[in-house]
Amino acid sequence: MDVEPSLDPAAYEFHHDIRVRFAETDAMGIVHHSRYLPYLEEARVAFLRHIGHPYTEWRDAGIESAVLEAFVRYRNALRFDDVVTVHVALASAARATFQMSYLLTVADRPAATAVTVHGAVTADGRPTRLPTWLASYQQ
Amino acid sequence: MDVEPSLDPAAYEFHHDIRVRFAETDAMGIVHHSRYLPYLEEARVAFLRHIGHPYTEWRDAGIESAVLEAFVRYRNALRFDDVVTVHVALASAARATFQMSYLLTVADRPAATAVTVHGAVTADGRPTRLPTWLASYQQ
Amino acid sequence: MDVEPSLDPAAYEFHHDIRVRFAETDAMGIVHHSRYLPYLEEARVAFLRHIGHPYTEWRDAGIESAVLEAFVRYRNALRFDDVVTVHVALASAARATFQMSYLLTVADRPAATAVTVHGAVTADGRPTRLPTWLASYQQ
Amino acid sequence: MDVEPSLDPAAYEFHHDIRVRFAETDAMGIVHHSRYLPYLEEARVAFLRHIGHPYTEWRDAGIESAVLEAFVRYRNALRFDDVVTVHVALASAARATFQMSYLLTVADRPAATAVTVHGAVTADGRPTRLPTWLASYQQ
């Protein structure tokens, strides 16, 4: 992981809105910190659909995108019914791994930044090459 | 579903303790109602292990236990760090389905009752016969 | 709970779409049965917003809508990336409780039916009266 | 975050076992990556209880331990029914934040490493001082 996610929404090529469910809050009255990772995943899936390589295409090809590393910095709490905008970018891609960066905002205020590192694996979990389009992907 | 779960712990043949995680609470300061179903599942898995038919045995035989119906009555809220005792019984078994009943208590006070109805399915999701031991199981 | 949810979408006054997250699937390759309850909740919150009584209004008035009972019948499995339409109706309302019924469909095929029973509680969890609009609500 | 979690269990002062729930698996047949954070939290809560400063003591004092950052490196997949040993250490403590490091193992094989950074906040979410015992805590 060598990516520093930007606080500037313009640095991201795609964004996706998610409304916070009550089920995602905790007894501190805010969204539980573990619940951000499914938000990142939902935005990642929407991003892949947006660029014409939906995740179902990966799965049909027998490839899964395994999460190798995840990092989240929590900046301002999320609350029930907030509409969270997840800004997403493909930050880098190598032969076997790629990195995604994220900025979460609510009403244009930063709520969190995050990075996930991914590798491609076969259906039975063995590492494999990334799809070729990914290595040559230009924002 | 034709089972009425008892409020008497003695009516259940097995019990299993679960400590409430902070991640399972919601902004009302109590355990979110959706979180009871994984508690029932964990207790069901522990019960099957206890009677010598662990769920891994089912899966090794290519059988999954699909949940067909679930009912929960929430009686007293669960809170962070509570130790919940899940009392479990195999309430009935027919050729293709079986019913489990549950009583959840905290410090001997009823917190919830529940019933789940299950069928056996193959790995690709088609209904199949229950394991034979199940139909002849006596508490 | 005395409601039998209809399999006819026309019997419901409102519907709300939810796309299945990968995080909501389980090792059977389908949506885990516990994950339906947050779907019902999200649709309920959207319904209340739609009829002009958003749940945030309840919370601002110091009232929470406690779930007293929940029942789900699982009919056809949900899978990753499915767009689930949750049809919702306010099935009945009494002085202290109300019942909601639900039909989940994917591409017009029934996936599940459900009922939830609710009561109003104060912020510290004591039962209180339902909002007056609710008792007189007509579909 | 400036901690590099060790792969040597002996580097951790406490460990806590968690059995994987079926509800925590995903359609890849492994534990979903978001589910590790509640495991870390459960182990952290058990660690604080173990050293005589249970998290309920914090909450009674009006202090919450907010998660400021979380990092997980996924090394080997976790599966249903695995017994995961979460090794925990208080890696560092400053005036306003502290860092915890984690090693997850299954049958002595590393499954993941992680770091969480925490700050103390009041019940209404404002930063406050850490409990004094924490700054002077010696492993």
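By letter and in written order, the chains are A, B, C and D; residue numbering begins at 1 in each of them.
We adopt the following convention: a contact is a pair of C-beta atoms (placed from the backbone, for glycine too) under 8 Å apart; a residue touches a chain by one contact, two chains touch by 3 or more.
Note that the coordinates shown come from a computational prediction; the quantities given were computed from them, not determined experimentally.
**Q** Please identify the chain with the largest separation between its CA centroid and the CA centroid of subunit A.
**A** B
**Q** For the chain pairs A-C and B-C, which is connected through the larger number of C-beta pairs in contact?
**A** Higher contact count goes to B-C.
**Q** Report the inter-centroid distance (CA atoms only) between subunit A and subunit B in whole Å.
**A** 34
**Q** Give, as an integer number of Å, the spacing between the C-alpha centres of subunit C and subunit A.
**A** 28
**Q** Taking the mean of the C-alpha atoms as each chain's centre, how many Å separate subunit B from subunit C?
**A** Measuring from centre to centre gives 23 Å for this pair.
**Q** Could you say which residues in subunit D touch two or more other chains, in rising order?
**A** Residues 22-23, 29-30, 34, 37-38, 41, 80 of subunit D each touch two or more of the other chains.
**Q** Going by the contact rule at the top, pick out the subunit D residues touching subunit A in the complex.
**A** 28-30, 33-35, 37-38, 41, 64, 66-74, 77, 125
**Q** In the complex of these two chains, what residues of subunit C are touching subunit D?
**A** That would be residues 22-23, 25-27, 29-30, 32, 34, 79-80 of subunit C.
**Q** Quick one: which bits of subunit C touch subunit A in the complex? Just the residue numbers, please.
**A** Contacts found on subunit C: 19, 21-24, 37-38, 41-42, 45, 54-56, 59, 80-81.
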